[in-house]
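Chain nomenclature is as follows: A, B, C and D, assigned in order of appearance, with residue numbering initiated at 1 for each chain independently.
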Amino acid sequence: MLVVMKTDATDAQIARVIEIIKAMGFEGRPMPGAQRTTVGLVGNDGRVDGSQIESLDGVAEIIHVSRPYKQVSREWRPENTLVEIGPGVVFGGTDIPIIAGPCSVENEKQIVLAAQQVKEAGANALRGGAFKPRSSPYSFQGLGKKGLELLALARKETGLPIVTEALDEEGAHLVAEYADCIQIGARNMQNYALLKTIGKLGRPVLLKRGMAATIVDLLMSAEYLLAEGNMQVILCERGIRSFDPSTRNLFDLTAIPLVQKLSHLPMVADPSHGTGLRDKVIPMGRAAIAAGADGLLVEMHPNPEQAMSDGGQSLYPDQLARLVREARTIATAIGRSISPSSGTATAANG
Amino acid sequence: MLVVMKTDATDAQIARVIEIIKAMGFEGRPMPGAQRTTVGLVGNDGRVDGSQIESLDGVAEIIHVSRPYKQVSREWRPENTLVEIGPGVVFGGTDIPIIAGPCSVENEKQIVLAAQQVKEAGANALRGGAFKPRSSPYSFQGLGKKGLELLALARKETGLPIVTEALDEEGAHLVAEYADCIQIGARNMQNYALLKTIGKLGRPVLLKRGMAATIVDLLMSAEYLLAEGNMQVILCERGIRSFDPSTRNLFDLTAIPLVQKLSHLPMVADPSHGTGLRDKVIPMGRAAIAAGADGLLVEMHPNPEQAMSDGGQSLYPDQLARLVREARTIATAIGRSISPSSGTATAANG
Amino acid sequence: MLVVMKTDATDAQIARVIEIIKAMGFEGRPMPGAQRTTVGLVGNDGRVDGSQIESLDGVAEIIHVSRPYKQVSREWRPENTLVEIGPGVVFGGTDIPIIAGPCSVENEKQIVLAAQQVKEAGANALRGGAFKPRSSPYSFQGLGKKGLELLALARKETGLPIVTEALDEEGAHLVAEYADCIQIGARNMQNYALLKTIGKLGRPVLLKRGMAATIVDLLMSAEYLLAEGNMQVILCERGIRSFDPSTRNLFDLTAIPLVQKLSHLPMVADPSHGTGLRDKVIPMGRAAIAAGADGLLVEMHPNPEQAMSDGGQSLYPDQLARLVREARTIATAIGRSISPSSGTATAANG
Amino acid sequence: MLVVMKTDATDAQIARVIEIIKAMGFEGRPMPGAQRTTVGLVGNDGRVDGSQIESLDGVAEIIHVSRPYKQVSREWRPENTLVEIGPGVVFGGTDIPIIAGPCSVENEKQIVLAAQQVKEAGANALRGGAFKPRSSPYSFQGLGKKGLELLALARKETGLPIVTEALDEEGAHLVAEYADCIQIGARNMQNYALLKTIGKLGRPVLLKRGMAATIVDLLMSAEYLLAEGNMQVILCERGIRSFDPSTRNLFDLTAIPLVQKLSHLPMVADPSHGTGLRDKVIPMGRAAIAAGADGLLVEMHPNPEQAMSDGGQSLYPDQLARLVREARTIATAIGRSISPSSGTATAANG
């Protein structure tokens, strides 16, 4: 339930609404907007009788949010939420940042070189897995903490903010220490324990859509993060399961405008996992921008043939540069722009 | 099996290859290319021993086409096939035509007005159903032959070529008399009897992907048309079945670059059926162009609220104009262009 | 709309209701039941004001059928429809017939031997394709009319009724001459022209569920047949498209009780196409019976390794005998029975 | 890689093989069989040169397991693995146990009554969630540790072993203290951190198939448990995502014989989640038994209308009794039997 205050409502009137909501056994969360303040009622409001609140001074109207998600919805917050993961790297505004890097952090040379290539190509943040969810227990599982340290080193060298995945509670705390944005992978989209843990860490989060998740499922999982008080959430389309083996996943680009209409959170796209095919990453990355994506997440490796994982879908460095150029032209065509190159001059010189 | 001739092969050498293939019980079809001629062997070549042909004069090499489709493949014909459905309305080249119009032809006033609006918006061809495949036998099934006559009238008024669907053998012959391009709908993609009938009619065909069809299934169905001697085939992505009820279908834009790599046939996209939601047609139409689509197929109605079918996914005339404008900018960004407005000035004045 | 008459309504009262419905521009179809007669209104009844009819003598109540299908629904006809395709071979009752035979009719020896093996195994009807819908235009397309003649010969030899597929209008008329039940394949489930043609032929029909068809889609397609006046329709689950390549299709057995609740038509299952794997046909055939299937459709070939199509999913003759035995035990366990062996002794001797 | 020893291989020869494998940097795990011992090589064996081992005394042959899973495979262990979760409640043998109970543990009265009804109906184990994975953060999340205590109480009252879900590391340790079998839910099937944790706990595990998981994905996730040394793993089909909204999930019963062929682990079925519809649970439970399921997992609630979760798919107590009766008849028909009623008389009297 949302309590929309009048434009001239006083602070005392707002406080009174929150007080009454508390007395009813719920939490009232004030959300100041450009024109007016709205107070959200957190908790299952099926039992709430809104009439008691509607009659309070300063209240304009009561909106019952009928959808199963609440804080992620546009009704709850009409303006786009901006999520900043590094200086100038902001998702949800006019600028469109591009996150790129290898599937896994493999060693110092590889990740530092990758970071430099990402930066040179004009992308804005570095991705790279330290903890890898692998379908086989016998596959390379990532370098763990050592991988995080190498990512931090790559950031120091280039100034690029870092996005990396956490798989469990202990790992999430570690990732939060090192990374600028914590990724929750597709396989963990409905790992609610992990969502609750990460929701409390106060770091920006990139939440990937699960392989069998509807748009509503994705928004419900994001709601777990927001319910813990973390609004800094980026959503990500990365392909869903389909009957056609032509591609690793079925890249559902319509999810972009769908999510953007239903939610205030930024929605990015991952054409690497979305297609699983290197030569489809560029056209589908362009298509994602044209569909309105608020960012791209792309796999690039200095040497894809020797990658320890996902080599077949990783771009070569010069292909990433081409994708950034083409994305820039497409963005301009729809009145947006790819974020300017990231990283401090100092770092670049250092 | 493909017999690639040397660049300096003589006509006599080519004729000899065809002769030998015929003696083996197959048909040899010569395909002159820019650099060299290739001779395709039509028929099931599982039993063919290529060594006999390989040793003939003028033969450069033998390529065994392992894929289940043959004449639709890039190996069979490396260059894009251009399909012209009206003066200057060509699919498969640099220019990207846009086909638009109502789901159904309803009456003279509606279809003529729609055609004028399509033309004014800058689109290049008129769509409209005279024979409608409806899931209910009690729903409006289209005006039939009367609808075709009205489409012809709309063409006369505007000069726009006409694309309309055929559902059965009798209807296909009628449609071939009136229309510039015969559409085969998603539900009939594997109606092989209809494919054979339409393949013989010698008209350009627009073949829509079935709701459960893989890319290979689509190409196999196109093979039926080519096997009847008709190369004028346009393929169309229009959304497939998925588990998410958010959209009517799941619009699989990766199908565009996939088909274009595997086949020489032009591949267009239908964002109206692909999403089923009017407000998603513009962003997904843009995305299709960015992904490399060779054309768009879009539903537009002069008065969507009063449409007899598919009103909810039909654009308003001014939305179509906006889509054409935005598609134009996106096309430019990737070095292509939306086809210039179609229709003769005379017709427009008439 | 359904007009339920009182139990003591007179013929004159019923005739009056039909007359009024006709005057309203629709057709009224009387359906005598065990207790009372119901009159169905055929046509789109969105505009009909039921009050005029409700006040007529003998009318008990008006039921508005809200579902998109009508004549196929249990509301329209509460009792199971029994479909008899040969003497004693009845679908929809307590007995459960088994239809078996090769994918394609290949030659006289093969189909007659197959029919004898089907009969010896204890199955009740013979299947075999004369017109084959093949995904490749270069694959064996069936023997056509010759195949129908061979099926008729096999029937003469064994007494088994024949089920075979029709692909187009011309073929449907031919099939109707020779076969006891016309099959409409999965790829043609939404070929509405074919449905209308076959609906008029007055023969029992076996309609297979399309690969991307929901239960409602299947019922809507059956409605096309019933709307042409043919009530002799058997529905068939044969697997749908899924993301798991382990099986050719995903066999959806829940469709059986779902359809049986919504419709009065018999619902059978095809574990051969449903799984695509010979060694899964027996367990899944048993499972279909346990789920309540009104019949089985199974591929069996005298010599699966040499089959011209679908050899990999065809049972060996002794496997069919085992399936019939095990199906019999399962049927008994749920209070039903497999139909007794079909075919007259005379025929067998003849 | 599997090292198959000769039938007369001595213990010393086996020990030597293990020693050599260890020297190569892997673990050799001896698996005594009825006829002969096999030694499995644990670890990524891509680099291993088998010839060194092949030449050792007592070695019959080397089998390279090409499938991505290993210890779960039938090649690794030809005999069925038996998983006993309570006295006489064994999965994987001829007897088929039935696990039943409410979705959530709600309070003492509810769970004790449910347990008594489960026992009276003839089922063999009690299910009930203490930790609930809910798509909404505002929904009832289970009673937690209190729920586990109530389950233990219900066990004390009835003697039924307990199956309940764990969602995270901390919860898994708690569940291991109280429950006889730890369930890993569909949403956590690829939560590899949880799989590793639970694999180490030494308790029987019931692993449910994820909504978008292929059969191979399911086996790979089970491999995580076995790789931690836990062989006591039961797999469970519970429905996957599909395009048809008629049912909550698509119940894939072919998964049962598929898994049983590929793996030695028992495979059970959950018709409650598999269909999501109370009136489909009995026919589909029967079908699962007929397909060869090694057990059933069914939701039953003393009072489904008042259930705090999943009431719509929960059986009434008398429906469970009917399901057990019908399952018994089906099991007999295929030469198996439903496990005899569980629970000690003492417990029942106590």
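Going forward, a residue touches a chain if its C-beta (ideal position, glycine included) is under 8 Å from a C-beta of that chain, and two chains touch if they have at least 3 such contacts.
If you're wondering where the values come from, they're calculated on a predicted model, not measured in any experiment.
Chemist: Tell me which chains count as touching both subunit B and subunit D.
Modeler: A, C
Chemist: Taking contacts as defined above, which has more of them, A-D or A-C?
Modeler: The greater number of contacts lies at A-D.
Chemist: List the centre-to-centre spacing of subunit A and subunit D in whole Å, with centres computed as mean CA coordinates.
Modeler: 35
Chemist: CA centre of subunit C versus CA centre of subunit D: separation in Å?
Modeler: 38
Chemist: Any idea how many Å lie between the Cα centroids of subunit A and subunit C?
Modeler: 50
Chemist: List, in ascending order, every residue of subunit B touching at least 2 other chains.
Modeler: 212, 240-243, 245
Chemist: Going by the touch rule set out above, what shape does the chain contact graph take here: line, ring, star, complete or other?
Modeler: complete
Chemist: List the residues on subunit D that touch subunit A in their complex, please.
Modeler: Where subunit D meets subunit A, its residues are 43-44, 68-70, 133-139, 167-169, 171, 187-188, 190-194, 196, 210-212, 217, 220-221, 223-224, 227, 240-241.
Chemist: What residues on subunit D touch subunit C, complex-wise?
Modeler: 212, 214-216, 240, 242-247, 250-258, 261, 274-275, 279-280, 283-284, 286-292, 326, 329-330, 332-334
Chemist: Of all residues in subunit C, which touch subunit A in the complex?
Modeler: 241-243, 245
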